[in-house]
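Two complexes follow with subunit A in common, the first pairing it with subunit B and the second with subunit C.
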Partner chain A sequence: MRALPSSVPWFLGILGLVVLAVTVMSEAVGTGLISTSFLKVLGMTLCFCLAALAMDVVWGYCGILSLGHMAFFGLGGYAIGMWLMYARTEIIVAANLAGRAIPPTEAELRDAIGSQIFGVVGASDFPWVWGFAHSLPLQLAMVVVVPGLIALVFGWLAFRSRVTGVYLSILTQAMTLALSLWFFQNDSGLRGNNGLSGLQNIPGFLDAPQAAVALAFFLASALALALGYVFFAWVVSGKMGSVIRAIRDDEARVRFLGYPVEGFKLFVFTLTAIVAGIAGALYYPQAGIINPGEMAPIASIYLAVWVAIGGRGRLYGAVIGAAFVSLVSTWFTGGGAPDIDLGFYRVDWVDWWLVLLGVSFVLVTIFAPKGLGGLVDLWTERRGRDRHGADLGPDQGALREREAGE
Partner chain B sequence: MSGSTRLLEVSGVSVTFDGFRAINNLSFAIGPAEMRAVIGPNGAGKTTFMDIVTGKTRPDTGRVIWGDENISLIGMSEARIARAGIGRKFQRPTVFEEQSVRDNLTMALKADRGPFKVLFWKPSAEERAKVEDIADTIGLAGQLDRTSGELSHGQKQWLEIGMLLAQDPQLLLVDEPAAGMTPAEREHTTDLLKSLAKHHAVVVVEHDMEFVRRLDCKVTVLHEGSVLAEGSIDHVTKNQEVIDVYLGR
Partner chain C sequence: MPRALVTVLALCLSFAFAPVARAQQSDLQSVLQDNQDAVANPSRSTVNEVIDALVASGLPGVAEFLSRWQEREVVVREEDGLFFYVEDDQLIDIATGEAAGPVPDDGIDEVRPNGGVRRELAGALVQFQLSSPDIAERRAALDAISGDMSADQIEPLAASIEDEPSARIAARKQRLLAMLTARFGEDTEARVEAIRQITNGVSVELRGVLNQILTTSDEVSETVPEDVNVARTYVPGEDMSLDAAYSELVERDLAPPRVSDADIYAALTQNIADGAVGGVPVEELSDPARRIDAYEALAAEGTVPGFVGPDDMAAAVDAYSFYAIYDEPDPAVTDAARAALDGVETRVGLSEAADLSLDALSLASIYFLAAIGLAVTFGVMGVINMAHGEFIMMGAYTGYVVQSLVPNYTISIILALPLAFAVTFALGVAMERLVIRWLYHRPLETLLATFGISIALQQLAKNIFGTQARPFTAPDWLAGSMVVSDVISISFVRIAIFVLGLFFLGLLLFILKRTRLGLEVRAVTQNPRMAASMGINSERINMLTFGLGSGIAGIAGVAIGLYAQVTSEMGSNYIVQSFMTVVVGGVGNVWGTLAGATLIGFLQKGIEWFNPSNTLAAQTFMILFIILFIQFRPRGIVALKGRAAGD
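Moving on to the complex of A and B:
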């Protein structure tokens, strides 16, 4: 196994401490200082962090500014949501029909589930997309297969014709828009704009208190983030990391070294789409509801903004950006920030938060291209100085140290 | 001539850019262990010739035939041509500036190029030693962990030559390797190219006639996209047309 970057133990250590602290303060096993609803927010934030990691690998490392990765996130959410909804409805319907003299047939049961789920859109038949919804293993496979396959086909078409840069970004937005519009239609069989709901009720654990379910999902999300971090750190160390960064900086040159650039882009695009799908599958049971609005083009743009603010091209930067911006966003839009009365105008943060975010994005892009992650550099540089400063001469030291650090 | 004595054969190739004929019915051939210098005035089409061979530019007409199996390179992707055994050093040194000298060399090192193979690739002891050796050859032995963007212009030129060595192609196309080098560095570069030509085909584009003379090989003079003269350095430098269009200026 090749050496992983030194950020890995730091990251795992800090994540471990956060998880420990949150668990100790949770309602389920701890003091209850953290409410269950806030615990869910934290768990969902970890899922955003995982999606941001994927975004950083595809954009920060490989240079593909995908503005469609939140669509893959949503696809993962729908995939798990379909099973959750089916299985829970099945339990309810079975309980209702159990009282009858003649036990319901298989077909009757299925019809009853169908009219329960699709009543809101005036239908009762199961559309083809629900073909696997009765099976947890199959639907879990769909969490990976559906985003992976869509990314593979889309990427193959786009990269093969050598669409790059801003055109590729626009194309990914178009894909995202098409997907969300398709999900919005009632005919698509995914309950249109109602989306899927009640996802916080986990079949098999329907009697478990939400505090326990929330803690379980929080821990699972933390585990997924930890595994995702180690996995991506492994991918971007070594030669793969070298090649994809080279593709980002000068893809034509990489071709003359004999590397099939399109194949590498497709690999990275698909792999990160799958991870985004997994993140979504962990997110939506905590959110409880998913609708096509979640897959709207703007969501994927936010993802890019998080990564930019956190600092792209370094994995912890993406995590810091996603965690910081999404938590601050929750605080502002959730009414946490007091409105400011200017006398002639009242600044309502629910509306003005997006403006603030936009301005911060522009400022970070211009003045701090390394993002929040760049702050870590200040600290590691200082540490480096403390360790080596004595050995190097007072004048030359600064220069040599810079060389040593680079 | 039989196929086995020719590694690359370009015949009757023409390229037009927006009505401007950059390459005009060009023919060129090189054997498997041969050194060839290509000279000619600015805009003669030397770089464009390399673009055609490496798949960057597609010719309007003509044939480009490669290797023992007489494969046509026209229409093949740049990456496939590179994998077939053609390496290239660019006129402007192009190394991956954000990455270390070691990473640049390792990336170029001859190995499987597919994404999955690359993902699980680990350097063997020989491969590590090979990178060290190459660094030694190109005078960057102590600098393997330096970011290549910090290197001087001449060092970048060498790093790119080192990447060619690591790639170990059958044919090396080397565009102006000595630009930005000190006289001592130039001499070292000539020696390096000459030793390479013992086992590889090497095409060197260079403006510096001293440099070309030291290469001591057959010279092809390009002018307005086609071959003006070909032969020993003394032969072409006595050619009146060559003197008129290139040397005399």
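Moving on to the complex of A and C:
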């Protein structure tokens, strides 16, 4: 067993405390200080944190600025959403048909479910993508398989032709756009821009109170985040972690040293895509609705923004960034922030929040490349050596400075 | 037909020998009085006699009377049964056209011809109009014939050709006559000859005529009869589905109707007895095979019609032949029309390809305009500017603001172009100085920082201009489109954008190849450190290049705003396509961007042509194609070679 970074026990401890506090204050078991809707927001935030963790590994550690991980997140959500929607509609339809004199055939049942689900796009037949929707285990497998396969094929194509840097970012963005456009079509069989809805009703727990379901998902998300953190901490530590970081810092040199760079990149890209898919599968039952707009390229850029603000190249940075920005964003856009009256103009944060975010993002990028996670360095007093202005290497985005201190 | 002949002859006479005719006849009113009842209470059966009588009279006011009759402007005075026109509450004498006093309060009945009568009147009027001295009226008459062809138009049309003063209209008449002959002519040779004559061009009119001749109807019988003009025969299972073939039989009562699943269900529910139907327990009826068992049991009892299984259907269909016959019985004519239509369709296909190419070219020029600024900044500085789309948006909003200040569209567009350039140039320079300059060594972070600027600018535009789309209208001389034929047309706005694209291509090539600035830009592109060693101020070059790239984005915004709506999100619609254009074309090269834009424009239109209803699918496939394309040419179509390629 290799040694995990020292941040792991700290992280798990803080996460455990937060989860405990939230559970105690939740409506389901405790005092009810936290409303169920806010509990859902917290649970969804944890899923974002997990996705940001994956993004940090692929970008902050491996140097691939993927603008497609939110699409994998959405794919995971669609995979679980298809089962949720199918199973729930099946229950409703079966109840409707049970009143008839003659028991329905399987074909009748399926047709009735089909016309329920696809009525909004003017269809009633099940498209091939719904082939596994009747089975929870198969659809759960899809959560992992679909993002994993797409990432594998795309990554293989991209890495083998040595597309790197900004080109790779643009290519991933194109992939994301293609995916979201495909989901937007009515005839791709995923209800076009209506998306899937009613996902908050979990078949088998339809009678359970929403407070309990929300708490269960919150705990599941927290568990997934904890496991994800430990897993990624394990991946990026030790020898493999060194190679991955070396690829980020100087890909050509690693290749000349004899490491199969493409293999490592493909491994990291696919793995993080799968984790993003799992995060999405946990997120959308809490959100209750998914539509292709959430897979658009801009969502993936926001994911990169979270990681950058939190501080890339450190796992807890990604978590801090995602939690901080998405919660603050909810506060601002939800009308929680007080308006500022300038006398001649009233700053309404619902309108001005994005401007603030954009500007602060520019400022963070220029003045605080370490992000919020850099604040932790102040506390641990870990600072780079004073090199009198000389770079450690050609790439200022590299973290060799820190590693030289380790 | 004889009636029409008489009409036409009389008409010709009436125009040719009007003074003579007038001498022979009394006045119009008396002719009308001869047919008083038929005029006052017109019906389809009587109106033709009246028209014939009127035309035969050869009086000059006949055309006017027919037209007013049709327009319901004729009244009849009850006391003496005389007819008058009504104009501005005045009775007008029909024969003299002079006022005959105000319209009295009562004692006047309007003559109200019904729809059928008015159609007959319109038909009669066409004959007058074909020889009308007013050229617009003749054109209208020809349009009317072209819109609704019938056999009795042949003769008036033929008669009107000789005296036609305008050569163009005479040609049009000839052509229309040939079309009428092709459709309604009497002997085969004349019709085949007429078809041969009209078979050039691609007009909708021509295709309509040929398709009318080739109308078919589907028939079913045990054997194909000898004496019909068979268009094609169908083989069930190959040309038509078995289900469709059987439905044809059912429609003609040649086979018992199919029993649908719903019928079975209904029959079964009505015949439940003691928890079973036809001996099958109800709980087993969730199995479709058991349902059929139960139904057949019921059918055997005679309570329901028999079940038609797949074998029964196949046997029934086998016993019959399915074929389509032409409504036109003459095979020589249909063969000629078929051959003509094939030729026309080939030409239509070619024209469509040409039209598509024009569309693609205009799309390519839009992509070129949108991407060239990006290519300049990306190529020279290796900087990805995610805010490029927002510069396009700013350009378009500049156009909108200018237009709301300067109401004249032509002046405002001429002002908007340089203003948009100035605004976005300044913005670009400011952005380069304030943000990008600090991030030259961190290209991925430039991408993110410019993205921050992009969302801030987008939201700012939303706060200032609101979320609804703003109009930016093209001046009148850019409205409309250039029509080459019924198939090929292109709007003037798109031509203007194409010209603008060409202009900027030339301008950029000139700047890069013929000016000091261009020389320095190229030097910095190839090797910034070496360029700096040679005394080139690369910071200044970077700033100017970035400004130039942003300025062109502003111009592109004005151009795009002319045909798309100006919204705060319009930039993001173009940003990914612009990146694709740059990446596909190859970085740092104007020709590369041109090639990329052309490829993407043609590709997108080409894919849309395969599936015109679904532009989303077209974009999806295009992006997939580009991802694959990058596999084979990772550095784009026009790749820099050697040291300049960097890496």
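Note that the second predicted complex is superposed on the first by the 379 of 406 C-alpha atoms of A that agree within 3 Å, B and C clash if a C-alpha of one lies under 4 Å from a C-alpha of the other, contacts with A are read in each partner's own complex, and residues count from 1 in each chain.
Please note the rule applied: contacts are C-beta pairs under 8 Å (C-beta built on N, C-alpha and C of every residue); 3 or more make two chains touch, one makes a residue touch a chain.
On a predicted model such as this, the values are computed, not experimentally measured, just so you know.
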item: Partner chain in contact with A:Phe264 - subunit B first, subunit C second, else both or neither; value: first
item: Subunit B versus subunit C, judged by how many residues of subunit A each one touches; value: C
item: Which of subunit B and subunit C A:Ala178 touches, first, second, both or neither; value: second
item: Which superposed partner A:Asn291 touches (first subunit B, second subunit C, both, neither); value: neither
item: First, second, both or neither for A:Gly238, with subunit B first and subunit C second; value: first
item: Subunit B versus subunit C as contact partner of A:Phe256, first or second or both or neither; value: first
item: List of subunit B residues in touch with subunit A within their complex; value: 54, 56, 77-80, 82-83, 87-88, 90, 94, 96-99, 103, 106-108, 113-116, 118-119, 121-122, 146-147, 150, 163, 167
item: Subunit C residues touching subunit A - in the complex, by the definition given at the top; value: 261, 265, 268-269, 272, 277, 282-283, 285-288, 291, 382, 384, 386, 435, 438-439, 441-445, 447-449, 451-460, 462-463, 572, 576, 579-580, 583, 614, 616-617, 619-620, 623-624, 626-628, 630-632, 634
item: Sites on subunit A touched by subunit B in the complex; value: 2, 235, 238-240, 242-243, 245-246, 249-250, 252-253, 255-261, 263-264, 267, 403, 406
item: Touch list for subunit A against partner subunit C, complex; value: 65, 100-108, 154, 157-158, 160-163, 165-167, 169-171, 173-175, 177-178, 181-182, 184-185, 187, 297-298, 301, 304-305, 308, 351-355, 357-362, 365-366, 369, 394-397
